[in-house]
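Let me begin by presenting the structure, written as C-alpha cells, before commenting on it.
Chain nomenclature is as follows: A, B, C and D, assigned in order of appearance, with residue numbering initiated at 1 for each chain independently.
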C-alpha cells in the first residue's frame, strides 16, 4: 500500500495550475436542466457502491450487499446505497396488483379481516419517521476474529432512512382487531420466500410499527420492499418484512424458518437464543476506517455512527489509544430514537501508531460492550447481534486496518 | 379527464384474482443482490421526474427543472429529484482538481488568504444538518394569476436534504479573517457563470452557513454543485452558490448580476427591492393537488409541506372551504429550523366541491399571507418571494385544479 | 357546505372485507402447535421421488450439499433424538451447523417448504407433496424410519423426536416485549463509561491475516478518490 | 503515547496560503464602488465588432432578441437617463423588463460580462474587450454617444447616467442581517390565524384557463399510477 504520500501537493511558488489557468468547467457551457430527469451521482463517486462479501453466501439471490459506510456522511443513507438482504431475490412488484391483507389466527382476533389496495394504504393517515435498520447478522463475520478488511463489510448491513407509512395499529383497529387478546402478530412478505416473522404486540400498540411505502421522500426501492414493507424500529432488519402482503393477529410466536433456523444466537452451552430481536446500542468509526490510508499527518476529523434499538443515543466516547483513555465526541442533531446518530471528534495525528475506538451509551444507560465482555456473556459463535466496540489500527505509514482488542 | 371512476375495484364475491391465484412475484425467484450496485426507483415510478415548465425559459442550460412534489413523502427530497436551477449549465467537476480559496476584498480583512483542496475540506470539523432550499422565484409564475396546472410547477423549486459540510466561520477563522471589520462575504462558483452572491456576515457568524460537500449521505450531485456548495439556511437558493470556488470577505454588498438584475422584486411604485433573500413562512398541500383526480369519495389524508426561512414551523392550519374555517393539522417530527415540515390532516370527502388551503405560522409568529394581503403589500409583478396561500379546487368529479382566492 | 369535513375518525371507502377464499389462499402459516396445518399425507418413498426431481439439484442427494445453501441434513445422532439437544452444538471444533441440527419445531419445516421451496418455483408443491418431501428429509436425518408416512396426525409424534427440540431458550433481553416465557430482566453485557486509565494495557487479540487483504478486491477502488483518506491498493482494478 | 491527541483547536496540515498570483487569477469581482475594476479601455466602435462576432447571435443585433435570453436593451428613455428611474417600470401595461431597465450599477455589467460571457465561452474576453463591448451596449441603450470610450475612469461618469440608478430600495424585511441601509423592522404582510368564520364569502379571482391545461404535457404521466389520486389526462402519452 502506498501510505500517506498519496496526499495531493498543490503548493507551488507561483501557484496551482488549476487556479492560474482556466478550468474546463469554468470556461465552458454545461449540461441543461433535466438532462437526467432522475439524477445520478457524479462519475467520480463510482467507488462508493453496494458490494457482496466474497464467500459469505453461495448464491447472490440469497445473500447480502453491504452499504459503503466508509464514504457516507450524516445519517441518511442514499436509497441507491441502502444495504440489501434477500432470501429469494428481489422483485419489482406491480403496485396496482399488490394487496395487503389483515386476518386473525383465530376468528375472534379480528372482527373483519380486510384487504387493502395500494390506493387504500396511501389514503390512510400516515407518519414519517427516521429510523436505522440493521441486519441481526451485521458484524457477524467478526464474532470469533477479524475476518474482513473494511467497515463496508464489518458494519455495512446498516442503513437509515426517513420512512413514511401507516401505523399498523391504525390498520388493525380498522379491522376490529382484539388488541387485548392479541399478543403477537405475524408479518408476511409477498415475494417467493414469503418471509414471515413474529412481532410482539407491544411494539405495534406503541404506534412505532409502520406499514410503510415511503423511503427518503419517494416510494421504497424494489430492493427494499416496493411497494410495502413493515418498519419495526429498533428491531433487526429481518423483521422489517419486505413486499409485505399480510399481517395476522395471533397469540403465540410462530417459529418461522427465520426465527427457528436462522437469526437464532448459539450460546456456549449449545442452546440457541430464539426470538432475539433488539439491536442493542452500538457504534463504529467510519472515517478513518479499515483499508484506508490517511493522506498525511496532521489534523483529521474522526467521524462515525452510533445507534440503539432501545431509544436515543445519549453519548459517544472515542479513544485513540485502544481504550485506555476516552474523550466525549460531539453528536450531530437531530438525535432521534432508534435512528442513526453521527458523531465527530477532532484528532491531531502525530504520525505514530494509534488504535481508534468508539463506545456509545444509549438513553437507558446501556454502554456498548468490548469484545471481552461480549464473548464472556455469549461466546464467539453467536453469528447475530455482535455490537462489540470496533478497533481500527493506524500504522505509521497511515494505513488503517481492522484489529480486535479485549 | 376521467374523474373518480379511476379507483380500482377489487371486491368480488369469490375473491380478487391477485389474491386467489399465484402472483408472478410470489412464485418465482427474484433478482440477486447488487444487481444494481447503485440502485434505482421501481420502473412503476417513472412518472415522478424532474421536468421543465414549457415556455418559462428560452434555453435549457439557463433554466429550471421542478421537483415532483405531487408524489413525494416526508421531508427528505430524493437527490435524484432535487430541483435544478442552472445559469450556465451543470458540470461534473473533477474533485481532485477543484480548489476553494478564501481572500479579502482588502488585505486587512483576511490575514492569510488560503487555498484548500477537497482533501483539506473533508478533513475539517463538519456538521450535518437538514435544511430546505427554495428558489426565490418559486411560485413566481403565479404572482398575477393562475398560470400552471400542478404543484410541481407552482412550488417545485423546493427541496430538502441533510447537508454535511464545514461551517464557513471555521474556514474564515482558519485564514485569520477579521470578523469584526467584515460585514459581508461574497460567494463565487467555479462553473461558467461563476455565480456570485453577497451573504451577510451575521449568518456566517451564527455558524449556519456551511461549505458543504455532503447531501443525503453521499456527495452533492453534480446538478447541485459537486463537489462543493454553500448552504445558506433560510435564504433563497441562488445564494447557495454551487461548484463553490471562492469566498471573499468584504464590507459592502457586491451588486452582482443575480442581485442587481435578477432576484430583485418589482414593487408597484416601479422601485425594485434589492438583496431580498429570506424565504418567508410558506406552505402548500401536495396531496391532493392540481391536475390530480381523487379516486373516489370517502376518507383521504390531506398532506403537505410547510417551511420558514426564519426558523421552525410552529403550526399549520388547513381549510377545505376556501379559508372560511380552519383546522389545525398534525406536524410530523422532527420539526427543525429552516427545514421542511410535513403536515397531515384527515379529510372525509363527501363528493361536493371543496377548496383546499394550508396556512403556516412560524416560530416568530409570522402567519403566511393570502393573495389579497400579499398583493396589497407588493402588487403582482414582483416575480420573487411569492409565499401566498395556495388553493386547490376539488370538483364534484374529483378533479383538482389550481385556483386563486383572496 | 363545501367539500366534506376536515376531520374523520374512521375511513369510509378505504379497504374492504376479505372473502373466505382470499383468507384461505393467503393464510398458509403453520405454527409450532400445528395451527394452520392442512390435512394430508406423504410417504418417505414418494418424498424421495420429489426430492430427486425437485430438490437434490440444489441441496444434494442426501441434503448435504454446501454449493447452493448450507447443508440441510447431518450432524445429529440417535442420542440427540432421545435427548432433544444436538450435542455437537456444544463443540467448538465442529463449526458446521445444518438445518436439522438447529430447528426445534418440525412445523417450521412444513411451513417453510410449502411457502418457499423449491427456491426457483416457490408455492408449486401440493400439501401432500410437502408432507412427502418432509418425510423424506426426516428419514435422511434418521428421525423417522424408511416406511414412515407423514400426516397431519403423525407429525405430532415427529415433534417429540426432533433432535434439537429442546435446544432453544428465550432467556435473553433481546425480545422487545414481555410476551415470551423466561423474559430476562437485563441485558447480559454491562460495560462502564470509564474515561481515563481504563486498563493497564492493550491486548490485541486478532488482526486481518495478510492472505485475506485481497479477498475483497481492490480497496482503492472502493473508496472516494479524494478526502482525508484513500483506499489501499489490495488488488487489480475492477472492470468498469 | 499512541497516535496523537483526540482534540485540536487548529488544523495542522490542512490548507495552505494562497499565492498572490492565485488571488489575482480568481479575485475578479468588481463592486458598485469599482473596487476590483481592472484598468483598461474600449470604444463603442470596437465594441460593435466584438458584439457582432461574439454576442449578437444570441442577443440580437440591437440586444433586443428574446430567443436565447430576455432582451438586454430597450425600454429606457433619455428622461430615465436624467431621472435615474426607469418610468416604464411603473406601467402595468408594459410587461417587458430588459436588463438595462433594471440594472442600477454599471459595475454589475462589467463584472458579469467578464466572468460569464459569451455564454458558451465564458472568461474568454480580455479586460479591454469587456470595456469595448460594454461601451457598445451602453451606446445601444443611448446612455453613451457613438464616439464614447469606456475606461476605468469614464465608467464613473456612466454610473451617473444609468437609467435605473436610483431604482433600488433595501427597505424590506427580506435581508437576513442588519447590514443594509434602511432595514425594515417588520415583514410587510401580516395575516392572522383566524380559525372560524374568517370571511363572509370566498372570492375566486383566477383559475387555470382551459387552453393552458395541456401546456405542461399529459399530467396522467406525471403522477404515480396508484394512491389516493391519479393524474388527469391532459395530452398524449409522452415518449418512453
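Everything that follows uses one rule, which is that a residue touches a chain if its C-beta (ideal position, glycine included) is under 8 Å from a C-beta of that chain, and two chains touch if they have at least 3 such contacts.
Just so it is clear, the structure is predicted and the values come from calculations on it, not from any experiment.
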(message) On the document's contact criterion, could you list the chains that touch chain A and likewise touch chain D?
(response) B
(request) Name whichever of B-D and B-C has more C-beta pairs touching across its two chains. (result) B-D
(message) Rounded to a whole Å, what is the gap between the Cα centroids of chain C and chain D?
(response) 63
(message) Need the CA-centroid distance for the pair chain B / chain C, whole Å please.
(response) 45
(message) Averaging over Cα atoms per chain, report the distance between chain B and chain D in Å.
(response) 20
(request) Please work out the Cα centroid separation of chain A and chain B, and write it as a whole number of Å. (result) 27
(request) Pull out every residue in chain A that's touching 2 or more other chains. (result) 8, 10, 16, 19, 26-29, 44-45, 48-49, 51, 59, 71, 88, 95-96, 101, 115, 117, 119, 123-124, 192, 194, 219, 227, 245, 295, 298-301, 321-322, 325, 327, 346, 355
(request) Give the residues of chain D that touch two or more other chains, as numbers and ranges in rising order. (result) 10-11, 13-14, 16, 18, 22, 26, 119, 122-123, 224-228
(request) Take each protein chain as a node, join two nodes whenever their chains touch, and name the resulting shape: line, ring, star, complete or other. (result) other
(request) Pull out all the chain pairs that touch, please. (result) A-B, A-C, A-D, B-C, B-D
(message) For a test of understanding, state which residues of chain C touch chain A in their complex under the given definition.
(response) 10-11, 13-18, 22-23, 26-29, 31-33, 35-36, 66-69, 85-87, 89-90, 92, 95, 97, 99, 102-105, 107-109, 111-112, 115-116, 119, 122-123, 164, 167-180, 187-199, 202-209, 212-213, 215-217, 219, 221-234
(request) Enumerate the contact residues on chain A facing chain B in the complex. (result) 7-8, 10, 16, 18-19, 23-45, 48-52, 59-61, 63-65, 71-82, 84-86, 88-99, 101, 115, 117, 119, 123-130, 162-164, 190-192, 194, 213-214, 216-219, 221-223, 226-227, 243, 245, 295, 298-301, 303, 332-334, 336, 342, 344, 346
(message) Quick check: in the complex, which residue numbers of chain D touch chain A?
(response) 1-14, 16, 18-19, 21-22, 25-26, 119-124, 224-228
(message) Quick check: in the complex, which residue numbers of chain B touch chain C?
(response) 10-16, 19-20, 22, 26-29, 95-96, 117-119, 122-123, 219, 227, 296-299, 302, 318-322, 325, 327, 345-356, 394
